[in-house]
Amino acid sequence: MAEVAYVNASRVFPGSPPVRAVDQLELNVADGEFLVLVGPSGSGKSTALRMLAGLEDVDEGAIEIGGKDVTNVPPKGRDIAMVFQSYALYPHMTVAENMGFALKLRGVPKQQIKDKVAEAAKMLDLTKYLDRKPKALSGGQRQRVAMGRAIVREPSVFLMDEPLSNLDAKLRVETRANIAALQKRLDTTTIYVTHDQVEAMTMGHRVAVLKDGLLQQCDTPRELYERPANAFVAGFMGSPAMNLKTVPLTAEGAQLDGLVVPLPRTVLDSVAAEGLTEVTFGVRPEALHLAGADEDGMELTVELVEELGADAYVYGSVRIGDASERFIVRVDSRTPPAFGQKVKVAVRDNSEIHLFHPESGKRLSA
Amino acid sequence: MRRFLDRYWYAYAMVLPVVVVTAVLVLIPLVQGIYFTFTDINEANIANPLLDRVAGYVSVGFRNYANVLSGDSSYGSFWATLLRTVIWTFCCVFLHVTIGLGLALLLNRPMRARALYRVLLILPWAVPAFISSFAWKYMFNSQFGIINQTLRALGLPEPVWLGQSNLALVAVIIVNVWVGVPFNMIALLGGLQSIPGDLYEAAEIDGATPWQRFRHVTLPGLRSVTSTVVLLGVIWTFNMFAVIYLVTGMNPYTRTLITYAFERFFAGASRDYAVASTYGALILSVLLVFALFYRGVLRRQGETL
Amino acid sequence: MTVDAAALRAAGQEAAAGNRGRASRAKRSRLASVGLHGALITASLVAVFPVFWVLVTSFKPDARAVEATPSLFNESSLDNYVDVLSGQRGNFLAWFGNSVLIALLTTVLGVFLSATTGYAVSRFRFPGHRSLLLGFLVMQMFPFAVLIVPLYNILIALGLQGTTFGLVLVYCTTAVPFCTYMLKGYFDTIPVDIDEAGRVDGLSPFGVFWRLVLPLARPGLAVTAFYSFLTAWGEVAFASALLSAADESKTLAVGLQVFSQQNRTEWGHLAAASILVAIPAVLVFYLVQRFLVSGLASGGVKG
């Protein structure tokens, strides 16, 4: 068990110009916490994980595990276990040998290795397969062996690099829950990398969002969802994505087509102080609804209806100024509008809107 | 610097043995060999510790190069020999690759006894060169060789294969093709098996005929293998000495740059090390020029080496 | 797509099977089948016949070997073998022992040197790795037998002239460049993830090489071993120049020259001796042949 800290850690790949894959990352992970690193590809999330593992150099700053500076410690001295995206099982060893390899290297007595492997195999439902080679296993079984290899070590930190991305959709959801439950039971600090924001939201105690090597925000899933620190996080978390549009301001609020969304006085004042005439306006699909004929609302031309059973999502275009903008609205799946129909859309609750600075993307609303 | 060593010391530790061995046994002799090309060193004036004789050779500047490049027949008719070497190399490599590819394509099909065919077809690779040479020399013998006996039985003319004519060159090309096809076949077979089957299916759905599939899927898919096989083939064939020397001996009709270097080196009482080394240096230059040219061509086609 | 090594290895073995499955969907016509087998049988005959003919000749007395009518069995006997092995014309068994020793040492050392170098070049982007590879290519371009004189001088300086080890080192320099290329290519197909998993599990970089990469590279190592073995087994020029001239320290390839003197070749004896020499090489070949395709396929020839 240990806490983990990135202290202004950077990884700079040489080149012209050099690429700052991870840029001055400052992040503290508490003992026993499940932290998810999430971001689009190229955001530096895997690099950050590999720096922690000791597989990637730390060019600036430091990394601490359990309060000890491990920046220059090789992987084997860090007491970590890692689950790879490809699982990286040793093809020439059986499942049992794969799982017990690290213990064998540490000189743990044979019987003890056997017991620990058996225990982990039981936990992961792998007992039947202990004598097989990885080649003879299905994708899901391989994934579990990779997990088992990490568990047997009883490390102070688990590192997982997109461990579910090679599984099919159904198995992924199932395994997602299993990993979360397992982590809870073992209570081991876990850093988990994914590009899938659903995984991030459902698994992490806290989620750190990265983009271009820079930490955007690190918070609980709920906070991240409800109070995204900037337009990038707002757009990245949530599916379908938040509607984010640049809209002109009036004295009362944000001017959408046929609809003025009133904004808090404090926001309007601070925007006016900066001399802005536009803001980035964000509203999640579920915060919009179809308005009655007599209500105010944006006129939206339906282009596509996605029915998901419980809900339906309406994709349509709205004119804002001279441009046509696409909006997504969640509607009741029993009465979706038809293709080509014009409907009125309004904001369900004015407290559910998000405002961001049109240039910096920073959150404006209090 | 510390950091540099920290990061790379094991890499350097792993290449160190090879670097040391090649530096001592390749680089130093190579430099000395190139130095010899500017001297008149031979068996008579070389230092001989057994006879307690010190080296008596002297520097002659570029005379060896001038003599060789003049094309004079007492120095191996360099240009004619170069031409013959190019013909020999081209024929061998062309046949190696085409026959190798043909056999690889056949072997890549599903059929019975595939493994057996493969073993039999690779067998020539496992036979040491001097034995293959002996076998073919025996078979090519104009009186009792099996080849001429067969031709005689068929009522066909019986040529003197290994005599003083260009037929001898044909004969050694045949032998070298026999020796070299297995390597090319196996390399190309490996290349064929690494082409994803999806590509063939996609091409088939696009309506490609078998020939078009070969032309537009197989050949491009093999390009990286063929470019390497051809480069290595050219280098190896250019310097292939054993087959020619062991089958035809010092026959001027099969003389290539390398066999002439050996002739100068081993034959006669004089053992002209200087001219032999000069030939070695010229062979290296020709191959370097070829490799640079070849790399340029590949680069233009979007391949790297 | 799963990309772990297990899948890769399986894919390597099944790639052929996969193609097979697809191709056999359209059943080959009878005629095409006959043509296919006909072509392969012809090619196999051409490949095997010279060796077969040497085998046949090896049982014939020298006089029969040069008869103008071919025959399979004519006064066949084992006399040639007895003559060769009995050592009337030179200590065949000593030659054989020398050759085995030299070839095995070359194999072990050559595989070791090219594996370490190939791994370093495959995994570590250390400054100089490109020039090393280019250097290996250029090394193959110079006819090194022409360098026997300077080589001789160096070996004397090192005290290795005339020793087995000196000759083994020379053979290694000829075998290692190609072997390194080949193994580098093979190592490149082993996912780096495996190395990293090993590092996390507690191995040092050398441990990763020794306990994970080498066991996984067996097909590539087999091809390398085969190539190194052949380099040393049949070589004549270096062996005759760099070993002592005493009969009992010759290698087979050198010793056998006794059967083909200037004007008189003893075809029968030479054939028998050749077969005896070829047997170990063919044995080694048979042991590694199932690895040849996969080893070479992912190996250096991919460039």
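The chains carry the letters A, B and C, assigned in the order they are written, with residues numbered from 1 in each.
Throughout what follows, a contact is a pair of C-beta atoms (placed from the backbone, for glycine too) under 8 Å apart; a residue touches a chain by one contact, two chains touch by 3 or more.
Note that the structure is a prediction, hence the values are computed from the model and not measured.
Located most centrally within the structure is C, per distance between chain CA means and the overall CA mean. Counting C-beta pairs in contact, the chain pair with the largest number is B-C. Farthest chain from chain A (centres taken as the mean of C-alpha atoms): B.
Distance between chain centres (mean CA atoms), chain A to chain B: 57 Å. Rounded to a whole number, the gap between the C-alpha centres of chain A and chain C is 53 angstrom.
For this pair, chain B with chain C, the centres built from the Cα atoms lie 16 Å apart. Residues 1-7, 9-10, 191, 193-194, 196-204, 207, 212, 215-216 of chain C are the ones touching chain A in the complex. Taken together, the chain B residues at the contact with chain C in this complex read 8, 10-12, 14-15, 17-19, 21-22, 24-26, 28-30, 32-33, 36, 41, 46, 49, 103, 106-111, 117-132, 134-136, 138-139, 141, 143-144, 146, 149-150, 178, 181-182, 186-187, 189-191, 193-194, 197, 200-201, 224-225, 227-229, 232, 235-236, 239, 241-242, 258, 261-262, 265, 273, 276-277, 279-280, 283-284, 287-288, 291, 303-305. The part of chain C that touches chain B in the complex is made up of residues 12, 15-16, 18-24, 33, 36-37, 39-40, 43-44, 46-48, 50-51, 53-54, 57, 65-70, 113-114, 116-117, 119-121, 123-124, 126-127, 129, 132, 135, 137-151, 153-154, 156, 158, 169-170, 172-173, 176, 178, 180, 205-206, 209, 226, 230, 233-234, 236-237, 253, 256, 260, 267, 270-271, 274, 277-278, 281-282, 284-286, 289, 292-294, 296-303. Contact residues of chain A toward chain C in the complex are 50, 53-55, 74-76, 80-82, 84-92, 101-102, 105-106, 133-135, 139, 142, 149, 153, 159, 166.
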